[in-house]
């Protein structure tokens, strides 16, 4: 294919990605090395606010930004190098904690706390999603033809449901005296509060994610199972291979490209875990990397947002995902070299 | 099921009818396209509905208004003419100079406003307040009466009362608390911290929370949590309100704007059983451990004078006595003509207490402090850090943020 | 994998497999069914502690609203019929004497007709008939059920506006995303160059980016776009904030990496000989694409389209930040219910709205289920 034809075909797609993904990314990258602040002055201001019947007026020193003649805030931007990264990583505090083997001290720092959760979340859900997805696919493939349709339909529900709503529907079942909490209290005879400690919330979040993504793995694996070569399977049976051997030596290798595909997609999605933090309001106990970035960017009542730290934390998040993806990227690279 | 059809037919009719009657209740007829951006709670709904009666007005009640407002008002021309703010969220608009002084407009059209409503900054009127809000004590008067207990006035008394209620075993948890990690928890701390006489920052902008007042506040809060639902770190105002409605708690320091829900027969099992009182004090003879808040409207700077004039008139129509008469339960209104009901007692007692509680100290520094508190305090309640360590972490985060924001 | 005797499984395995499947289905459906049940009850019932109270809704029933036995039997019958039609008759109807050409269009017509028919029968005809029978037999309701929350959501709060907005954004995203994506996917599949490979790898990294990072960068630019674009477009420069078109562009871009990967794998499974033959006959690349590839690409495109649909329909972060109230889609509208100072009634209304959002997804999967599996089988997921 000539380059010009290729460019014409790919052009629109590349243009969109450059404009809406690459450009913001470059700006985030530069912002993480710069600090842009308003130039402020301290002035004495009298402010009058209402009580119920009469006003109270207070005079206080306020810091407020200086405005230029056009009414825009005067800002100064300067290069700060890795300062924003240091603010996010807090290396001295982290190093002090590591060198004294004080894990909880390390995890008291937001970034490390978020990293710890994001990694455990990603690495625990990955095998669960693959395993549960494969199990459902095998079970459905095993089921009578007549029930397959409805079963596939029901199985897909958790995947298609809007994530915010899925998380809330699970939350309602457990929060406070939710219906399932009561059920567990009934069977265990103890008072259970699922949202009172970190580990139970974490379990709920893991459960929700597996519930939500396993159907995706299932439907892909199920599609893959339809193309398993029956001749090979029959040959294996004649050779006396047991069920497990057949699964392990024929079906799994056949599905391998799909397993890699699902793993890749899941790694990326799980690493950006965010909806669960909001849906289960777990900020007190666990936070994730994307939530950390989001939180830096949320303006407080006075309109402050920590743009530089947010940029730094976003870049660190990105480095993390690239590191996680390297094994899979290398595999893709080898396949690419192979097919060329 | 037939009812469904009928109901939809009726409400369709109602929509059409309301279309023609839109101008009926407004004294002026507005001919300029206007829009507003505000928070979305009930009082704002009532006010913007009343504004819409003047025609050519669209209201945006948006939970993202804090994110959108500064950007939208900084655009030229501003995307909205009218903004809904509180004492906290007015700060970025003031700082960026994107709202206009209202002195001329008040002189021309504001005869009906009470002086108490005019928010002055540096001598200029920058906003018109419509309501106050505060966190104060709500309690089940039936339970306190049955047990022969007085309404507590200090937090120490709250603990004694809670102890008695727990022993009598009449409700699941004696106390409720708006202690959801983040903004709510930080606000609860603010109340208690000010109650113990703390001040958040020094005059030079350095943090000042790792003090006796800070430690006392945290320790008092920790003692209170023993009487609460163990899931207090996810419990926001709505959750506490529901706990009251379902009769699972007996007392809580809750927002005044939530009181009316206690008498909503559709949801509440405690109709008529909840009373309000002044927020308890942290120290005997001190100010109630709470903060005063107001909500009001501002007018954008980057619009034409004609638009500003129309916007101001429409805004006043939304905050007139007629609206208050119709929605007197929705808030503690500052608007003339408001008749306080039973639930307003607590808020009024709080605001008129002597010494009186402070207004929420809205400033750039306070915004940074509030965020730092919201992020770091949970570690104390989950038991990871001690009170001093937690406050140290708060100060560290505040310092980083303040340096980044350029205020230090 | 059925057929030969040797593949027959021992009873224990079959039992275990069915039990596992049954358990999974329960797990998959329960939370969704439960919120659906809650949405039809008075607030006190919906948040009641006893599950039976939630199901039977005594308070709701006391309010005089509920279903009689006849209502339930008829309702279940209609639902069963609808599922049968959607899963069996409809695909057959669409597939009769059909080359793959305008099939997407026929699917569209079929789904719209089916949805309209269902709404008409279930909400129009059924209540009338069962109401008449109940009247004759004098039956009392046994399960409390109220549609008050749905009325409040759809009529009083004008949720249909959000529905229309969601429709605009979703249709826009799916159309643009597929048009741009098929072209790129095809070229990437047929070009073995280094450049194509690196484009794919970079797209993969783009897909991994946390969205909150990107989205925050858009807001100031979109709000001030009138001023920024003025030098280029002059007086007519639009303010992009609040424009569905702008949101469509953003969502399409965010979704491009996944789309081109998916479609590239699919196009790779179409033999290259096909378009090479066309090229020998003197077609340009584009003509070959138009006349040889397009007729056979629909299974993969439909599957990819469904994923685009899900992304656009379910998005919260982008739509909540970049759209104003007049253009708000459904998901951020619901989040609004939770974030304002909510009463319990508001919460049940939010649940009703949540169920309303899920209903179209239901229908979609019901209709397209076979296409998803066959599209994936046909090669869209070869890695």
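Each chain gets a letter, A, B and C, in the order it is written, and its residues are counted from 1.
Quick note on the criterion: a residue touches a chain if its C-beta (ideal position, glycine included) is under 8 Å from a C-beta of that chain, and two chains touch if they have at least 3 such contacts.
Bear in mind that the values here come from a model prediction, so they are computed numbers and not experimental data.
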Inset, instruction - Name the chain whose C-alpha centroid is farthest from the C-alpha centroid of chain C. - result: B
Legend entry - Chain whose Cα centroid lies nearest the overall Cα centroid: A
Legend entry - Separation of chain A from chain B, taking each centre as the mean of its C-alpha atoms, in whole Å: 32
Inset, instruction - Let me have the rounded angstrom distance from the C-alpha centre of chain B over to the C-alpha centre of chain C, please. - result: 38
Legend entry - Distance between the centres, which are taken as Cα means, of chain C and chain A, whole angstrom: 22
Inset, instruction - Give me the residues of chain B that touch two or more other chains. - result: 67
Inset, instruction - Find every residue in chain C that makes contact with two or more other chains and list them. - result: 335
Legend entry - For the chain A and chain C complex, residues of the former touching the latter: 1, 5-6, 8-10, 12-14, 16-17, 19-22, 24-25, 27-28, 132, 135-136, 138-143, 149-158, 160-166, 168-170, 172-173, 177, 179, 182-183, 211, 215, 219-220, 222-228, 230, 233-234, 237, 243, 257-258, 260-261, 264-265, 268, 271-272, 274-275, 289-290, 293-294, 297, 310-311, 314, 317-318, 321-322, 325, 329, 332-333, 335-336, 339-340
Legend entry - Complex contacts: residues of chain A adjacent to chain B: 35, 37-40, 45-58, 60-65, 67, 71, 73, 84, 87, 104, 107-108, 110, 175-176, 193-198, 280-281, 283-285, 295, 298-304, 306, 308-309
Legend entry - Residue ranges of chain B touching chain A (in the complex, touch as defined): 66-67, 70, 86-89, 91-98, 115-123, 129, 132, 180-182, 185, 203, 205, 229-234, 239, 292, 294, 301, 332, 334, 347-348, 351-352, 356, 359, 362-368, 370-371, 375, 378-379, 381-382, 384-385, 393, 400-401, 404-407
Inset, instruction - Spell out the part of chain C that touches chain A in their complex, as residue ranges. - result: 1, 3-4, 6-7, 9, 13-14, 17-18, 20-21, 24-25, 27-29, 31-32, 34-35, 38, 49, 51, 54, 83, 87, 180-181, 183-184, 186-188, 190-193, 195-197, 199, 201, 203-214, 216-218, 249-250, 252-254, 256-258, 260, 284-286, 289, 310, 313-314, 316, 331, 334-335, 338, 354, 357-358, 361-362, 364-366, 369, 372-374, 376-377, 381-383
Inset, instruction - Please give the residue numbers of chain B that touch chain C in the complex, ascending. - result: 1-5, 7-8, 11-12, 15, 39-42, 58-64, 67-68, 71-72, 74-76, 79, 237-238, 241-242, 245-246, 257-258, 261, 264, 266-267, 269
